[in-house]
Amino acid sequence: MFGLEKKDLNLLIIVALLTMLAPFILNPFPTDSALAQFNAGYPDLMQRFVIYGIFAIGFNILFGLTGYLSFGHAAFLGVGSYSAVWMFKLLSMNVLPALVLSVIIAGAFSWLIGFISLRRTGIYFSILTLAFAQMSFALAYSVLTPITNGETGLQITLDDPRILGMSATADGSIPVTNIFGLEMRAATDLVIGPWSFTFSVGYYLCALVMLVAFYLSIRIFRSPFGMMLRAIKSNQTRMNYTGLNPKPYTLAAFVISGMYAGLAGGLLACMDPLAGAERMQWTASGEVVLMTILGGAGTLIGPVLGAGMIKYFENIFSKINEATLHSWFDVLPDPMENGLVWVLEHFVGAGWHLTLGVIFMLVVTFLPGGLVEGGQRIGRLFNRTKAAKDDESAATKPAE
Amino acid sequence: MSKNNLTRRGVLKSGAGIGAGVALPTIFTASSAGAFTNEPTGNTVTLGFNVPQSGPYADEGADELRAYELAVEHLNGGGDGGMLNTFSSKVLDGTGILGKKVEYVTGDTQTKSDAARASAQSMIQKDGAIMITGGSSSGVAVAVQGLCQEAGVIFMAGLTHSNDTTGKDKKANGFRHFFNAYMSAAALAPVLKNLYGDDRKAYHLTADYTWGWTQQESIAAATEAMGWETVNNVLTPLAQTDFSSYIAPVLDSGADVLVLNHYGGNMVNSLTNAVQFGLRNKQVNGKNFEIVVPLFSRLMARGAGENIKGIVGSTNWHWSLQDEGSKAFVKSFGTKYGFPPSQAAHTCYVQTLLYADAVTRAKSFNPCDVVAALEGFEFDGMGNGPTLYRAEDHQCFKDVLVVKGKENPTSEFDLLEVVEVTPAAQVTYPADHPMFAGGNLGTCNPGA
Amino acid sequence: MDAILLQIFNGLDKGSAYALIALGLTLIFGTLGVVNFAHGALFMIGAFCSVTLQRLLTLSHETLDPTKLDFLGNPSKIKTPYIVEWFGADAGNTIIDWSVPLAILFAIPIMLAIGYVMERGLIKHFYKRPHADQILVTFGLAIVLQELVKHYYGANPIQTPAPDALSGVMQILPGVVYPAWRVVYFCFSLAIIGGVFAFLQFTTFGMVVRAGMADRETVGLLGIDIDRRFTLMFGIAASVAGLAGVMYGPINAPNYHMGMDFLVLSFVVVVVGGMGSLPGAVLAGFLLGILESFASMREIITLIPGINQIIIYLVAIVILLVRPRGLMGRKGVME
Amino acid sequence: MGILEVKDVSKRFGGLKALSDVNLSVAQNTCHAIIGPNGAGKSTLLNCLVGKLIPDTGSVMFDGQSVLGRSPHEINQMGISRVFQTPEIFGDLSVFENMMIPLFARRDGAYRMHAYESVASEKELVSRALQMLEDVNMADKRHMHAASMSRGDKRRLEMAMCLIQEPKLLLLDEPTAGMARADTNNTIDLLRQIKDSRDITIAIIEHDMHVVFSLADRITVLAQGTPLVEDVPERIKGHPKVKEAYLGETAHA
């Protein structure tokens, strides 16, 4: 089905089920329990999970397949966001034209930067992309303020023209992003006993787009094109002497991943019509690298997992404060409680960056294949006969 | 506990779902209209404190958070009551807000508009926060204010000094207690004239982004109006750490005043560099060379160390003020944490109380009722003298402090001395002032 | 004319920080073949060595003075540093005043130890791994180090002032004054750079290391324990970065983020100079410092708005495209 | 006219003259060996043929067209495949994929965006790849990671990758370097089989005289950057000049 092999189809179906049921899966704890802190099933975060998933999937097409480590992909995400917001300002609040434009502009921009940067390889390539992205950020923050609105970020306002829509709603508010009238922020709640689940239009739109993006990435991975990209990573000399020109292949991969980034940026703006320059900073580019590696570069599902994990830390761990910690360990005797809180507060709340850094070092050191490799190892522990099979299939499709 | 509610058509919020004893799960997917976003239905109400916990303003964020915790304590009847005792409005009685116990959630803005919005979103959607407050930069304030407008909750801005927050980016659901660049300039200009005369040549170094520009524009306009000449204005990159190459040309420019339109780390570095180049000891045009830092904060002054001595600037509030409100606040804060509060802490504390008070007076959590209660609200006893929340742009008008780095500090907190308290009337501007033009408050949005 | 001269000085002293950091990076890259993203963090830790020493020196004996009241109306605490109590006011205060130069002695063992632990504990396992992995793991380490420092020292900058005697300005040319400490910093960096080069040039150890940089396997075949020497080399590189940080404190107050601020920049410097070339790193450091200074001149900003924001990156891009091996890099190194 | 015509090719590296006035003609469907002591310029000459180096003077014509100034992949597309001294294969890919890539390169040219249909759906190419793997006795290894194979297998794989492109000219750079005698003999058998079974021209650079004399139809002896003699093997064996320059000291080394 869908022109996929059985294994890939299974993966796609699993991912589809996970994303469609995410509002349930991510809200496992009753709303009023102490563990509700760890619930992630609210629309904004779920949207971020899948949007950054798209970003990472795209980045993986470049990095995972060709091995070219770009430190500038955030620039394409930012450009995508700016394009989408401009579309909301000028044309209408419908998300479709905005998404189309953000993909096109990000594609064009990444073609330009890729064309220049791909003249070099290895760390030189990384530094070139880094330099371009930092330039984009610095300019967007200052000189280009008329286009980007600098520090405060590009926003929609009541007096934007919106030639195909309206500047303001009847009651004087800024109109809301929608798809043919269906508002992105529309949502419905399902309350079952102590649990509460939210289903939002925005999330399901993002999830559908992500599934399409994921499906296309499977096709690319299994296509001759994907094989060529892996061949480039493996041995450029042989590539050349086999009559193949690596440049257009890598450029195409760069542009495709740039378009994925633009799509993600556009979606971010659709869910929340604001585009800030920080989206283009090199640390933001670093973030997608972390996501991809954390999940497992070159694997299909890895980047999505990595994106989810990092966004979960950023949004859930950073919100645990000392008071919360104390409330958890209330039952313990005071010295123990204080000691435990003292240790943990390094890692939560303001310390979530530290947790991320530590996990990241551990993963790179001990699990070069990322979470996917971790999962495989655990799987192997549980099932030795299956492990043999895994090994075989890993050898067949080494890029998995 | 209340849950998120994002649709304008609305869905039923149900606290009744908490049926631990119910054998069969009760399922609600009803869609009758809720009154407004995150209407508190239980016996608690949740506020969202969105402050920078990572990034360069983390220390300010931490101080803001302390102030918020203190405010919550006071609202719930704990501690010594702080400013509740001095506040001119007496409706708050230490029983929470409208009888509901105040709870709070915290988040990290990272001083990035994206992260700040994500954090605020999670407070609104996940934790059911009815009001968001905090922040330590204008970019973040404007971004979160926009979000709160869309989501239908109230935003009580923290530290934000750009004219835009209540100028071209003002929003009906957003309120600013902090002063702004225009007010800094209006307060500073007469003092500068007194101290340094009306025949001065000023050289501006300006952080190259929105806040820097508006402040430079405001200061240049105010000082030029009293006879100063602006010789030059050089924009410096946000990421700049060593300002020597920007300071050096000042030496030969013929200017006799250097205005540093910088904040945070930029300010500490540019001031340190300026002092290194001996500008403080220089004589130009027969006058002593002077440095002005229009926006001061004590936390940053501490970062600048010795270099801050004798430098003039403006600030929203300082702990050494001797009015009853300030004294009460400093006492509660100092007793709890062991050091005096910063201006960021003050503004955040006051904003929380003002919100609680507005809800109580309106007898409703509905954002539109709260907006109505805050608009045109006049109060006193909160540390800045009689204050007005102007209805037209949701900006507070109150006295502004002109301060100077203290020459002989008696403690590590005693860094600034108040030179003058500029009365509110002097810093008030018409709502349609050109520096604040281009925005539209819109109408209040109660969400659902 | 004076303006241009001043900008050259500015560039040189800005460049001396770049050169020192890039020198350490290049040492690590050249000897160990490791791309160290945590190098900026080492610079930052160096700066915090002097913060720590300053704190240690001003550890105080607290007494209550009932005649004075603090902000809460309680008797205020009078702090007397133990140093002052032990050595008397004059000597004690002089020691505190000179805490930054003293921190050099304090920082060297600390940085060597940190370098040793880093290399043996982490970097060692990444020699055979791809550059991307090295970048990532050291980037993770940089985050961890920076967050730890932030946790204990806060996010705001902390002043580490220069000794009074060196905190003023000095006349360097007739009519041209320049901050004394910046001159000190420049001379200090020249001394360190000279020291490193002399060390590599004239000691047996240095010769082995240089040979190792050129061809690691051959040296290994000669039965020389190159690994141990490289470990020490890592320690030295860490010390160079640390000392650059210690002395940088009085120029700009140290904050936990300063390493990251310099990181991207120092990589650009290394690339412009040529990966693996020590003289290249130094030269590029000074050159970029000077270029950056000139780009910040008003005349030039007016001509090309925003040039001061991007000059460094622009130079990097042009160099990489026109001369990918950098100013002084050997051909074929990581091309 | 041979299929490959090298005329007056010279190449200097700084002060070192690596090649001077080399003339060489390789006739179609023959096996032409180039031998010579170390530093004779064999590798330089080879690199000039495949586009890695550009000679300072002279011309290299292949099948009536100049190869000079073309990049390696263009030259490959003209019909020249090269086997390296140390096997260059796609180590991270499976053996099967290693076979598929040259097939795509031959069918689709230097670049084609083929990003949607899967590799497996190219039934015809798949069956050709499998057939070729059968031919070289590697069918059972098709799922293996290419990098994890033995050196001999890598060599065979590389050879198969070149052959599956059906090149007009196959360049072999010391194909038996570092091999045990048994492996060398296997390689010789394989090459002879290739030579006999299809229309192909082979140019081979080799140290091992056993290999050269087992395979070559003609031999060019290179010394100090110039061709010393060119003749059939039988006459090269006894040639005094060759003995002097080369065979005398290093034969069967």
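Chains: A, B, C and D, in written order; residue numbering restarts at 1 for each.
Just so it is clear, a residue touches a chain if its C-beta (ideal position, glycine included) is under 8 Å from a C-beta of that chain, and two chains touch if they have at least 3 such contacts.
Bear in mind that the values here come from a model prediction, so they are computed numbers and not experimental data.
Path length between subunit C and subunit D in the touching-chain graph (shortest route): 2. Looking at which two chains touch through the most C-beta pairs, you get A-B.
Ranked by distance of CA centroids from subunit A, the top chain is D.
Each chain gets one centre point, the mean of its Cα atoms, and the points for subunit B and subunit D are 74 Å apart.
In terms of their C-alpha centroids, the spacing between subunit B and subunit C amounts to 36 Å.
Remark: subunit A and subunit D have CA centroids separated by 46 Å (rounded to whole angstrom). Within subunit C, residues 306, 309 each touch two or more of the remaining chains.
For subunit B, residues touching at least two other chains, in rising order: 54, 58, 208, 235, 237, 239. Residue positions of subunit D touching 2 or more other chains: there are none.
Contacts between chains, counted with the stated touch criterion, involve the pairs A-B, A-C, A-D, B-C.
Of all residues in subunit C, only 2-3, 6-7, 9-11, 13-14, 17, 68, 70-72, 76, 150, 154-159, 161, 167-169, 177-179, 181-182, 251-253, 255, 257-258, 261-262, 292-294, 296-298, 301, 306, 308-309 touch subunit B in the complex they form. Residues 30-32, 39, 42-45, 48, 138, 141-143, 145, 149-153, 155, 157-159, 168, 171-174, 176, 183, 185-196, 198, 200, 268, 272, 274, 276, 278-279, 314-315, 318-319, 321, 323, 349-350, 352-353 of subunit A touch subunit B in their complex. For subunit A in complex with subunit C, the touching residues are 63, 67, 69, 116, 119-124, 126-128, 130-132, 134-135, 138-139, 142-143, 282-283, 286, 289-290, 293, 346, 350-351, 353-354, 356-358, 360-361, 364-365, 368. Residues of subunit C that touch subunit A in their complex: 35, 122, 125, 129-133, 135-137, 139-144, 147-148, 151, 260, 264, 267-268, 271, 275, 305-306, 309-310, 313-314, 316-317, 320-321, 324, 334-335. Residues of subunit B that touch subunit A in their complex: 1, 3-9, 11-14, 17-20, 22, 25-29, 31, 53-54, 58, 61-62, 65, 69, 105-108, 112-115, 117-119, 121-122, 125-126, 137-139, 142-143, 146-147, 149-150, 162, 164, 169, 208-211, 235, 237-239, 439-440, 442-443, 445.
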